[in-house]
Every structure is written in C-alpha cells, then in structure tokens.
Amino acid sequence: MRFRVSSRIEYEVRSPLVLLLNIRAHASEPQRILKETFTISPKVESELVITEPDKNRFDRVKVTKGGRVRIDYRAEVEVDHRLLGAESLRKVSPAHLDQAQLPYLLPSRYCQSDLFGRFAWQKFGAIKDAYDQVLAITEWIRENVEYIPGTTNSFTSASDTVTQCAGVCRDFAHLGIAICRALNIPARYFTGYAYTLDPPDFHACFEAFIGGYWILFDATRLVPANALVRIGSGRDAADVSLCTAFGILRTLRQDVRCQVVDQKLFQPLTEEELSGTAVSLDIKQT
Amino acid sequence: MRFRVSSRIEYEVRSPLVLLLNIRAHASEPQRILKETFTISPKVESELVITEPDKNRFDRVKVTKGGRVRIDYRAEVEVDHRLLGAESLRKVSPAHLDQAQLPYLLPSRYCQSDLFGRFAWQKFGAIKDAYDQVLAITEWIRENVEYIPGTTNSFTSASDTVTQCAGVCRDFAHLGIAICRALNIPARYFTGYAYTLDPPDFHACFEAFIGGYWILFDATRLVPANALVRIGSGRDAADVSLCTAFGILRTLRQDVRCQVVDQKLFQPLTEEELSGTAVSLDIKQT
Amino acid sequence: MRFRVSSRIEYEVRSPLVLLLNIRAHASEPQRILKETFTISPKVESELVITEPDKNRFDRVKVTKGGRVRIDYRAEVEVDHRLLGAESLRKVSPAHLDQAQLPYLLPSRYCQSDLFGRFAWQKFGAIKDAYDQVLAITEWIRENVEYIPGTTNSFTSASDTVTQCAGVCRDFAHLGIAICRALNIPARYFTGYAYTLDPPDFHACFEAFIGGYWILFDATRLVPANALVRIGSGRDAADVSLCTAFGILRTLRQDVRCQVVDQKLFQPLTEEELSGTAVSLDIKQT
Amino acid sequence: MRFRVSSRIEYEVRSPLVLLLNIRAHASEPQRILKETFTISPKVESELVITEPDKNRFDRVKVTKGGRVRIDYRAEVEVDHRLLGAESLRKVSPAHLDQAQLPYLLPSRYCQSDLFGRFAWQKFGAIKDAYDQVLAITEWIRENVEYIPGTTNSFTSASDTVTQCAGVCRDFAHLGIAICRALNIPARYFTGYAYTLDPPDFHACFEAFIGGYWILFDATRLVPANALVRIGSGRDAADVSLCTAFGILRTLRQDVRCQVVDQKLFQPLTEEELSGTAVSLDIKQT
C-alpha cells in the first residue's frame, strides 16, 4: 500500500540548541521511501543520523539562534504489511534469540518489566501460544486502561498506568511491552504515521518478537495494523521520541497527516481478523 | 470470647532513645482487658499514651542507655465480636459521615487512594452494596496478590503492590484500604493479635465503615474474623506501627502468642458465612 | 491585625455529588472571625463540619443536580500573630510530646518522612537548635527547588520534589514537612489566605512544633509570616484540600482575595527578622 | 597491567531454564584475554553471545533440569588503562556525537535522567569543563550517599537514591549516570572485576563520554580506576546483569577474585591524581 505522510511542527526556542528529530518514515524492508522532502525554516544546518541496529532515521538539527523553527516533512512511502498466519508463529525461547533481540527482553525507563513478573505470569502465563498471549495482553489493557488524553505526561511509566488505569497510546504501548518482557517475549516500542487515526497525530504501539518476526500489536485499537507506517522502533518512547531537545523549547504547532494514495485499495484489517492474522512491518529475523 | 495474648520483643539499641510501642490490646467496647502486665527489662521509665479519637494505647519507653531491652506484654481480653447481617448494612454517603470518619476517606502514606480512582470504579463500581463491594475487593486482592513473606519492606505501598502482586498482611490491608477509599468508603488499618495464625505473629487487616459500623475485612483470609483481638487502628501502618523508634534499634527476637481461653467454645467463622455475616470489633457509630 | 478575606469559586458538576470545602478562615485563638458569609448559588443544602482535634471548618455541600455551582465566602478576621524570641524555643523530645502532636511525626501521603531519614540527618542533623534546623531546611528548599507553577500536579510528593527540584507552595511545604518529621520534629501542613501574595491565591506553608508552639515556616518566602490567615492544618494537602469532591467536577473560576483592613498598620516581618523571631498562629500547647 | 580474575557461582534452579551470564572479561582493546576457562557443572550446553555494538560477552546457558549449577570462570587479562590529561578532554556536544553514543544520553530503567534536569543543571551546570563536572558529580554522590550494603535492592533507581541517600556501587553508578545524561554528557554503566576491592566482589561504576573517550568514574572511590577490569558496559545494570535468569533460581554462593600478576608493578592511582588524570578502558571513538 502506498502512503503519503507529512508533518509540520513549529517550535519556539530561546537560545541555540541541538534537536534530534525522529519524524521521517523508516526506510527498511518492507517499507520503501519513494520520495521525501525535509525542510527547516529558517534554514539551519542539519544532518541525517541513522542508528544501528534499528535503522531509525534522526535529523540532527543545529539551531543557532533563538526564535521560531518550522520543520516540514513530506514523504510517499510504499509499505508491504506482511500478513502472517498466527497459528504458524511459535514463541522463540531466550535460548534461541539473536543478540539483536535480547535487549528487548530487559526493563527500560518506561517499561519496568522487572516489576511485572508475577503480574504477567499470573494473568497470562497459562495461555499456550505467544501470539495469543500478546493478544490477550492487549485486550486486558484495552479493558482496564481508559484512553484519556491529558491524564499522563512524559514521565508516566507502565507501573503508573497499571494503578491509574488511564493514558494515551504511548502508555498503552509501554504497559504492553513491560508485560511481554516479563513473559520473556521480546517487545519494542513502535512509532509511526497512522492512516484513519482521528484526530490525526503521530501514533505509538508496540511489536513483540514471535516466530521470527516483529509482530505489530496496538492495545488502543485506534487504527488497523495495516494502516501503520513505521517511523522508528526502540526500547520505549525515550529511544524514538519525536523530538529530543538538548535545550529548552516550546511546541507551538504540530500538524500530522497520513493518507493512502489509492483509498479504494485499502482494506482495513478487522479486529476479528487479528485473532488469526498477525501483521509484521519487518522482515523475518534469522 | 476470652483471649490470652502475649508478646515478648527484644531490641538492641545503640544509644538512648524513645520508643513508642503499640502492642497492648485495645481497651474499648466491645473489647475489655481483664488483666494485663507490661514489663520492660532492664527497668526504664515508661508512660501509657492513649490517642484520640482512636484510643490506641501506646507505651512510650525512654531507654536511657545502649544495650538490650526486653518488652513483655501479657493480657487476658474479653472480646465480643459483633456479628451483623450483611444485608442490613447500607453504604454511608460522604454526606452523612461524621467528622471522625472523614479522614479515613483520604489518601495516606501507604494507601494512595487518590491514584486508584479509575481502578476502583472500573472493577468494583458496579457492585450494588458496599459490603459486597468490599468483599469483592478482598477477593480480588487474594486472587491477584500472592502472600509471600520477604517480598516487600516497610516502604511498600498500595501502588507498588498492584504492580508487583506480592506481599504480606500489611500490603494486603493497604491495598484494600486504598481501593475502598477511592470508592468513597471510609477504611482504616487494623492491627491485632490473631488466634490460629500460623506461624504466630502480629496480624494486620482492615476495617471499612458500612452501615454505621467499622466492619472487619481480611484479604489474606489467614484467620477468621472472630479470632482477632484489636491492638489499634489508624490510617495505615504508619499510625499503628508495633514500634516507632526515635533512634536506631535492631530487633533481636519477637515472640507473639494468642490463645482462646476455652478452645472448645471457639467457632471459627467460615468463609461462606462471611458472605452474609459481617464482623465488627467496634460499637455502632452515630 | 484585621484581615478581609474572600473567595469565589465556580464549579461545573455533571451529576449530583457531595463537596467538602475547606475555604473558611479558622476560628480558634489567636484568630477570631468578626463576621463571615458563605453562600452557594444555586442554593443547596450545606452543613458546617468542624474536625477534631484540628478545628478545621469544612462546608459539606450536597449538590443535587448537574450544572454550575458558585461558592462565595467573605470574612473579616482578627489575627494576633504571636511573635516569639526564637532563642527561647527548645526542641520538644518525642518523650514529651502530647498525643495530639504525635501523628505529625509520622509519614503521610505526600510527606514520606520514612524515606528521608538519612537525607535529613546528613544535611541538618548537626544544627543545634530546632528552630535553626527548620529555618535551614526552608533555606535549603528555597535554594534547591524552583518555584514554577505547572510543573507538578496533585499526585506530586516530597520524594518527587527532591529529584525534580521544581514545584509550587504545596510542594515546598510537603518537602519541608517530610524533612522535619525525619528529624523527629512534628510538622503539619498549613493552608491559608495570604496578604501580599501576588498573584492572589490560596497559599500553603507548614508549621513545626517547637518550644510548645506550632511555628510557621514558609520555604517559598512569598509572603511574610504575619500576613497569613489560617484556613486549616493537617498532615498534608490531603487533609485540608480546598475542595474534596465525591464525584466529578471541573473548576471554572477561582478568585481569592486577602486584604488588611488598615494597611498603614501592617508591618511585614522581614526575612532578617525571621532568624530571631518565630511566628505562631496558635496558642501554646501544654 | 596483567590481572588474574575468577568467579565461582553456585545456583539452585527448580526447573529447566536459560541463564544469560555476564561474568567474562571484555575482550576489546585496550583489554586482551590471554587465557580463560569457563566451565559449568554439571556440564550443560552453553553458547557465547557477543552483543553489538558493546561487545559484551554473555554465556547463554541452557539448564535442562532442576538442581545445583556451578559456574567457574578464570581468566588472565592484559589491561592497558589509558591515562589521559584531563585538561585536554573537551565536552562533546550532542551535535557531534556518533549514533553509537546517542543512546547513552537517554533515560533508562534505573537512570531516569529525564527527571534530573533541574537537579543537574542547578548543582553542576556552572562547572566549565565536562571532566570537572563529572568529578564534581562523583564527589557530590560520595558526600550525600552512604555506602551501606543491604539498604537497596534490584528495583532501586537513581530517583530512589537521591531521596534515601544510601546504597551500594550499583546505586552510586546509576545516580552518576542519571545526572551526567541530564547534563547532555553520555554516560554508561560499567561492571568489572576490581583489584583491592574489599571484600572481593563484582564491582560497578560508570563511564562518561568526554573528549572522544569513555572515561571511568567511580563515585564509591572503593578502588583506584586502574585496578578495574571490564566485564561489560550498558545503559544501566539491566543491560549487564551478572545473571539474567529466564526462570527461578537461588544464588547459593558467589566467590569473586581479582589479582594483579605482578603486584610490585601496580601503582594505585591516587585520588589526588584523578583531578588531573582521566582513566579510560576504551579506545578513542571517532
């Protein structure tokens, strides 16, 4: 499916600073950038930094004086969401994970999986297949956590959410990741553009590593998995923050869009289909 | 029922300090002290302090030099556990609570009811009667929190327990209290001697204010409610700590006992009975 | 000094609920209410509840249907701030505290003094007199915590503030209280009207129990201590919240005023004077 | 300097599980393994996993049945601690960091640098050079945090330590890292063998990225920096845990040793020297 994504963000900065922006679409199989433009006004020096091993694409922007800075990004992206039969996906034991997946088993800033051991095994330990386990986790989250913008902030973590039972996509993802890791299922945070998200915004969900694939899961159920375009992935929101500022800034405006080029071709993956069909935005990992 | 309770505690203190001990049986209706002895070895000055309005009985002990201090307490106590038909107990609206019950609606150190609003209403809000609500809370706790000595410490609070899903009687009580208060049901921490508790120790559970009575609830289900002898009650463990030391001490030994005088007369209240029968260790509050 | 205080608050409520308002001036020596009016529009049933032992005056308001509710309070209050020679105030050992002061040594929801033991003794343990200790605590807070509205919320506690180093009057007070209690100095939260506070608002600071008096301390230094009119006092903000709502409400407007009747007579207590002069808004406790 | 290091660890496992051990000495310049043996008793399958980009060497051990498992590791390691003139080390702006260093600017599970912004800039922001800043951070930690085994556990994080003011090497390191990152200085957790550590044990400290080098800092000051042999480095203790167990195990015994081969040649780096001499256990990063 071909997507047109764009974001226009306007910041006010007080004094020179460096920004690390993470708003470009990812450029790794099965997602290809057909064209893209990235402009900063007023024009300042910037540099594309691609992280290893995740291939996240950061724009490092050197703002040299205070004032307003506007970022404009537009891209056309071809994304081949891979649909997989869920029944074929087996749990990968920590005994067989590659070193690249191991960090995604460990606790991180907002996903304190070390605290969730009993919680996870008690509630989801008896479910046989890993895919069904993670699906049950997302259902539990959706039933127990209310989606309410404004109830959480950038410090909120999975252990806060399990008490406070409210949050936004970021919080839903962090909680899902923490529980997966506690069950020894590698899980990572996913940020992206999302077609049909209303109101339009950047979106976050998570991927669990099952059957050799990073499988997409979205506990918010706000968009179908095949409507997602990857920006980046990491241990949690800290790794793929839309904007990491090494200095003080204020966001004045943020305008995010995501369209499919030929809307007639788009078939949203229904919730029922999800119980049998896994969606991956990555290639098979050996 | 007549109980014989005793505790022998031995501390090592480094230097002079004041201890506030809360180990005496409570002496208010429907609990009467028939006889009691309280001795400190070596002999040091001490004073009985009774708090208002809870009538907790603290021994303030002034240890004047370093070394070992042994506390011996023995009492014979007549306790008339009041059994009440649960169906007759109505929720008391905050509109009709007395000023004495109001503080038990507010968050405290280990019972952060302010964090538990959504959690509580989501899980227990739909249950019609307050007594059934609190019973459901205790059942939820027992199903979701494992009783495992050594997993928590004196800093552990209700919001920790809901993530970590393990704890001891103190943690079970704190979580129950936090949830009750979030539902606008006054709840307080109860410490006591407990007949049939194995291994013998001080015990903690909680009381919820329903139908004009402080009703006993024990999420651990380790002892029947009619086997409890009150030591004290307060907002949480901080208020009725067995020993608040204003200085540094080490506990060397602690030996707690609780017997009924005529064991043949004791009829443990079964779990089934609890669903219809409420137990109160207090008189009706106007 | 005679003060005129007023507050007008407008809430929007969705459905019937009970409010517990704590906005009336305290009516205990050395503070006397000369006249006061309290009106609710539209007119609904309300009741004055005075708590023991703190004599806080709560208005319990029973809102019977959704819509806007406006509260108007006006009072004229005579306040005799007692000025005491700081050098005469001796620390009161826990050995000599009355049962009424003991709860103010214990940790509470937002003042986790149990966590602050080493912190407190390390930084302030060597200071000889209790009054100087508390003054040093307020100076440390003012130097290390920035007063920045909007950085904290109603869940923020002393242990958050010591890491995040920002907050408002409520947070400054909670941190001061936590440190005092860790040093075995009883401390309580104070809310009040404050003359010269700019912009006008309710104010919070704290009282420490020294030399038989509850002495006022304000780590924010935003107003002189003799410009304060007590509303209430408690273990922390939970006990004397401006408004505890047993239901959902939204604050639409809040307008707070505090004037002295004869401004020519008002002599603000300077910061220099504070190092020798303690201010109490309470009578000597036996 | 040539070191002989060894560790013998004995676990009791209940049922089959996978262990990820991180006890081997690192094998990257300027540290070379001259010889090493790694044995497991009873003999079970194991595999050496080397992580990218940190080159940590994990032994993945597949324990196939319950019982005791003993791990024996011995190595002889040549370590060329690089001594650098501190005055030549300039702060590297986030504008010039390589993608490999960027993750070490972000908050992690035990190092919540996002919470420490004001704390860090207030206390250390005015210090001119990055090396002096980090040295000041370690001095602040040593003065404000007491080294007391048993006061913390595996859940303890930097924000706990700053309130509780006690901990062990792990906690000292986490706090140092959190503060560095808040100042935009990349910082990572270091685990190693440590000559002269008494009692002998694994040791933890941290590295800050300054002047193109990962420079060693140890807020505990328990061993000289040139007595350290690297095991691994990561975002915090989660990444380089001595043992990550995917199942339940109990440690029965742990015996760690570190000697220099020719003790006459060892010149401990004094604390005074540290103010001018930086120590690196890594090669210059471009």
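The letters A, B, C and D name the chains in turn, as written, and every chain counts its residues from 1.
One rule holds for everything that comes next: a contact is a pair of C-beta atoms (placed from the backbone, for glycine too) under 8 Å apart; a residue touches a chain by one contact, two chains touch by 3 or more.
Being a predicted model, the structure only gives us computed values, none of them experimental.
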Considering only chains that satisfy the touch condition with chain B, which of them also satisfy it with chain C? none
Hop across touching chains from chain B and tell me the fewest hops that reach chain D. 2
With touch defined as above, tell me whether chain A and chain D contact each other through largely the same residue numbers, more than half shared, or through different ones. same
Distance-wise, how many Å sit between the C-alpha centres of chain C and chain D, to the nearest whole number? 46
Approximately how many whole Å separate the CA-defined centres of chain A and chain D? 30
Two or more other chains touching the same residue: where does that happen in chain D? 112, 115
If we count contacts the way the header does, which residues on chain C are in touch with chain D in the complex? 112, 115-116, 118-119, 122, 144, 146, 159, 162-166
Report the residues of chain C in contact with chain B in the complex, numbered from low to high. 18, 20, 49-53, 58, 60, 62, 93-95, 99-100, 102-103, 105-109, 112, 114-115, 154-155, 184, 235, 238-239, 244, 246
